[in-house]
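After this come two complexes, each holding subunit A, first together with subunit B and then together with subunit C.
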Partner chain A sequence: MSSQSKTAELSVTSGAANFLRNYYIYFVLVAVVALLSLANLDQFALFERGNFLNKRNIINILRVSAPILVVAGAFTLLMVSGYIDLSIGSTMGLTAVIYAMLAINGMPFVPAFLLTMLAGAVLGAINGILVVRLNITPVIATLITLSLFKGIALLLVQDGVSAIKSGGGLKMPAWFNDYGRDGVFLKLPAAFWVAVAVTLVLIVVQNRGKLGKYAAATGGNPTAAKLSGINTGRTVFLLYVIVGVTAALAGIARSSFMSLGDPLSGDGMELTAILVVLLGGTAFSGGEGRVLRSFVGALIIMALTVGMLTIVPAYYQTLVIGAALLTAAATNHLVSQKGKVS
Partner chain B sequence: MSSVTDTLPTRPTRSKMSDEGFISSLVAAVAISLFLIASLLVPNFFQWQNVVNLVTNNWAVIALGVGVSFLLVSGNFDLSVGGIVALSGVLSVWFAQSTEGANALSTGLGLPYGLAIACALLGALTIGALNALFVVRFGIPSIIVTLGTMMVARGIAQVITHGSQRNTNLPEAFGYLGNLSLFGTSIKFPVVLMGVLLVVAIFVERKMVFGRITYWIGANPEAATLSGIDRARHITKLYLFSAGIAGVVGILLASEYKSGFSNRGLLMEFDALVIALLGGVAIAGGFGSVIGMFFGAIILAVVTSAATGLVLSPDWQFILKAVAVFLAIVTQTWALARRNK
Partner chain C sequence: MTEEQKISVLSVDGLTKDYPGVRAVDNVTFSIQNSVVHCLVGENGAGKSTLVKMLTGALAPTTGAMTVNGKTYAPTSPQEARVSGIATLFQELHVVNELTVLENLTLGMEKSRFGFFVKSDLEDRVTQTLATIEPAIDPAARVSTLSVAQKQIVEIARAASSGANIIIMDEPTAALSEREVERLFTVIRRLRENNVTVIYISHKLDEIFELGDTVTVMRDGKHITTCPLSDVDGRAELIEMMIGRTVFQSYSPRGKIGDKVVLKAEGLNTKLLKDVSFDIKEGEIIGFYGLVGAGKTEVARALFGADTFDGKVTFHGKPGGRTPKEAIAKGIALVPEERRTQGLFTSLTIRENVPVMNLPRVTQNGVFKAEDVRTAAEAFVTQLGIATSSIEKHTEKLSGGNQQKVVLAKCLFSQADLLLLDEPTRGVDVGAKTEIYEIIKDLANEGNAVAVFSSELEEVLGICDRVFLMFDGCLQEEIENGPNVDIAHILNVVTGGQDEDAR
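Up next, the complex of A and B:
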């Protein structure tokens, strides 16, 4: 009914709208950081200097952010192709358990790391098979695996113990913490730099690679993509595998940071990932979205959640994240020209 | 949700059972055979009291399943119900607690109980209205909206209870409704209410215009709009309906336990979705029935209680749910395809 006038209006303001769509995320990041730095954090013991822009605080936030930073890019590509993975939290929990089990039983760092990544690829491939081969709706397929992977992770941990950790004759090796905690460059740990590297690779893939173009084509118009000879099934399958691998990297980062293999350590990760990707302006109808903007979105959410802990009690967190999710979805709808799904 | 022209049920001839009837009977048959198999494996499983327990222990999830099923049939998700259960329960406690408590968690607003539950229900309906606003007006996918409102509802409950629970300074009447036994048996008022809700829902779904419109919208949203159905209004009603049920469930659970606990109803939204899917409700909309959902709940109840009876670790329940949903979806797709070949 009002679609004609709406189109006209959009074309007039499209220059401004485009600018807003491309760069608003950076303004949000600056605004969040500025607000948090202005808040008086003196009375809280978490940060030594009572200042958000304190060096230690920034390092700390970036260290804790490694898991979400590493998944954000791959998750963006998956959503660009019009699909979703609700199982990443469980994948993360299960791979964290696997990694900790391998390490505590004496396997050295490199093989344990590679095997866990392989496990993540297998878990992602299971999602891919359910969605692509068996044609189960992505939401349901990944809800099934959410439950399945979580169940397996819980079973791997002995009854009566909440997580894989030192004790009962087994001891975590000394190197276990290094990946997630030890500063290797600019005092930031390897986990963070791996996240940066993964994001850089995915940015190149999105801008130059076939996979990025195929993902956008699949999400924009699946039928047209198929007709023009793109193997959409293989594209989606591959994206699920990549998401699985990055979720495994997130699991390793979290497990190394906390020095235990907690089967529930990834709980709620799928929500954070959706939130971050929507905040980055990825259209939920698929077809458009940027890896880099999701990375910035992840930085915003982590700054907000960690910063918030210093201002309000922890029990405000669920409410704030939920409200942020709704706000991001609504803003995304207003900014995106394609927000017309029903 | 996307339209599903290719899964439109073919009009059955009079002699042939409808596809929905076929799937419902299939689900019922599976539920009964699973019960019999469990009876063979688990000692003391085959008892009348156990059959009753399978239903009465799951009244909350089955009640939530009614609203969730109607929404799924219309092509929309509702994952906010678990959060609403926590919110309305906590609100009813907070409103009813007397004003002079020893500390923050024992001080409430001191409203009379009737008014307190009315206001708590209003809170639940507000979340439903929020769902409708975002899904219908803004056109944001329902899965994302209702995940967000679930967190908002539970988040408010956590803020009110400071992340734990409120259970002191409550009026005498508070624990009445949730623990009221009817007909001199162990069957409680909430269970009876769930039964009434089921019967009404089946009647609405089969015989009333409201129910049939829900199917049309799910089967083909465009055609429904073109034939003069106010889709926005109808889906708004469905979200309010679902939130209302979740609100009542929350209030009754709070009354049963005489406490408002911010983690109550955790994962109930997933269980409600799981039983609807087990019962043959199609995620794409336009297909499914409340009877199927009910038997889906029985399947889940039999599987989980049999697993507990076989002394499997409780961690198994996640895997069992995953396998059950997977098998249900694959078999139902296969059975329907075979039948309509």
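Up next, the complex of A and C:
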């Protein structure tokens, strides 16, 4: 009898833990937005700040969020499979440079866009080969490519200038800005909608696709996955390629938004991505994580970073982001602990 | 079942596996019929696990052939084995905790188009299989919420639905409670009704009599018999077939056991251990003998403070250590069962390994006295007869026996006077074994107390003065070692015979 009541107690706890695991991220989003909207007074009186829930502010936040929103989903699947890519920032910088170079040299939008995506796939494949074929620890392998890709990006930009931009007889085409800035639907640019589309596709991949399930199996129990006849190496390789492609999409979005090809434009992206994914409840050890929750996690982080610009001075931001990461890591730990009762 | 329905699903013919210096499996020939529970028994080292590894594709036989479902069978991996019809339930569970039961059951078998799953009867089929063998498991539940026993059943269901008609189960009840064991047996019987052959490996003889149809006995790598269990006249005959006329290394009393009790354990209880009490005297070698999972390692770890426990340990009249650090400081040292992962720093040299359990002894004002370490290491190499070209040799390059001597040196350097040796000669060749036994006896003669935890009867009866027989977390019986010990009785006790008698 006592053992029965104990089981019941356990299932209640795990039910609560499941609820927490599944929905806490939305509460966090609501809480962050609420807090930011409440703190709309000009408390610091440094320069003019507006209301957070202002339409233009929201549009602006979503517009600059495009890069992180587009990588978050693929990054989640990679982490679910138990792997990581620290080179996404450099991939983003390099592809931003490539995209700008193609455009400034006269290539039209569509081929330049597709070629840049291809470049992202190649860079992702390089990571995949290092990790899967050469068996290098993912952190080390992608640290190597982090500096490698950044090095190439810096080489591609001429001496004396910091980025690919109009000047020296070359001029950015007029369309260059459109992708990242022009509102195409609900006043939001194509880059944002592409991020939404990519996320939707990856949600389906996670729920109904082989890749999504095999990623979870690979991250959850690699031996079991292999014994079930799953080619875990191919799964991981494919995920690296997809991450590379989404990083290229992020590079294009950023480059288009800033009207230049800056080799350093993706710096720090890997940290933001890890932060976002962890905030979304993805387990660092693999097996666990949802694409949609990372998307929401990205919205939270962007709301915090950009939103705070309108409220608090810049020097508070890093601190708040650190606090957010701490909260994410702690929540992640607590939730996964609770899930492990039984 | 009529005679003509009985067809051989698996046969091995002259199967032999040689390791350098050892023939682990020696010309084994037998065959197994369909829809039976076939038990495989033998003592530790009888060659059971080597045989199973060959059946599962983990090892290739040196010579001999296997036939499965009428076809020649030579798997190179567990996946290949499964394709041929043999699935294995390993002791370590291969389920993905993060997926649901259903997702686990279909893993790797899904039908898909362009990378996306399409509807098929697969899900219905596996759900059906699961319902047949264990209806109580919800296919939609996350595997992480299941108990170990339920996870095991999920794995069995996956094996059954992947088309395997032979399922090998290696000690499947080791981690299960009594009620869970009953449920597993029900599952196994249902499998048998559904035309699946189960090869069941267990040390627990009562399980074998309860469940098995036929049995294969192995001893010293050789095939002794394959017969219906109904032809076996009870535990006694089975035990006799398992041990044969093994000659045990003769034990000679050393006669130097002191009267002073060094360590007294009273009512140790952990998750596994039940009310374990005993004492060790100065200069005495005591042995703990039992099967894998009987709780030997747990006793050693409790005494060393590596696991938490309820109960009282008195060491030299004071409370024992509650953490390894305390235990070492008080003079207790443990030689753990997994030498490479728990006992040694394999990437370090002999010299670097020796002082790690007692660094203060060679440290002065925070500075390492390199010369003292070197002297000590050199002394141990001589004293214990470690075969090495130099104390600067990396321990990963040493043989198993010499590695174990380095672990012993490490413990001796800590100036312990109670040594806990968990499987001290596992994976050690015969020559080094004898040397290690001599070292253990010498240590006891010098007045140290030694506790040996072993699943090798020969070892325990060869060197220990007193032997505690363990089964299922309990000390079943204490035996004074001597020329007249009743080996059949010992095996009966450690395989659960006493519990059965008590019922």
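Some observations on this one:
We take it that the second predicted complex is superposed on the first by the 315 of 342 C-alpha atoms of A that agree within 3 Å, B and C clash if a C-alpha of one lies under 4 Å from a C-alpha of the other, contacts with A are read in each partner's own complex, and residues count from 1 in each chain.
We adopt the following convention: a residue touches a chain if its C-beta (ideal position, glycine included) is under 8 Å from a C-beta of that chain, and two chains touch if they have at least 3 such contacts.
Here the structure is a predicted model, which is why all the values come from computation and not from measurement.
Applying the stated contact rule after C-alpha superposition, one finds that A:313 touches subunit B and leaves subunit C untouched. One of subunit B and subunit C touches more residues of subunit A, and that partner is B. By the document's definition of touching, of the two partners only subunit B reaches A:321; subunit C does not. With both structures placed on the common chain, the touch criterion links A:284 to subunit B but leaves subunit C unconnected. Contact with neither subunit B nor subunit C is seen for A:186 once the two complexes are overlaid on the shared chain.
Residues 339-340, 342 of subunit A contact both subunit B in one complex and subunit C in the other.
Interface residues of subunit B facing subunit A in the complex, by the touch rule stated above, are 1, 77, 130, 134, 138-141, 143-145, 147-156, 158-159, 161-163, 221, 231, 262, 270, 273, 277, 283-284, 313, 315-323, 325-326, 329-330, 333. Taken in their complex, subunit C has these residues touching subunit A: 78-79, 82, 92, 94-99, 103-104, 107-110, 112, 115-117, 144-147, 158.
The touching residues of subunit A, counted against subunit B in their complex, run 84, 130, 134-137, 139-140, 143-148, 150-152, 154-155, 159, 271, 274, 278, 284, 313-323, 325-326, 329-330, 332-333, 339-342.
Of all residues in subunit A, only 11, 14, 204-205, 208-211, 213, 216-217, 219-221, 223-230, 287-288, 339-340, 342 touch subunit C in the complex they form.
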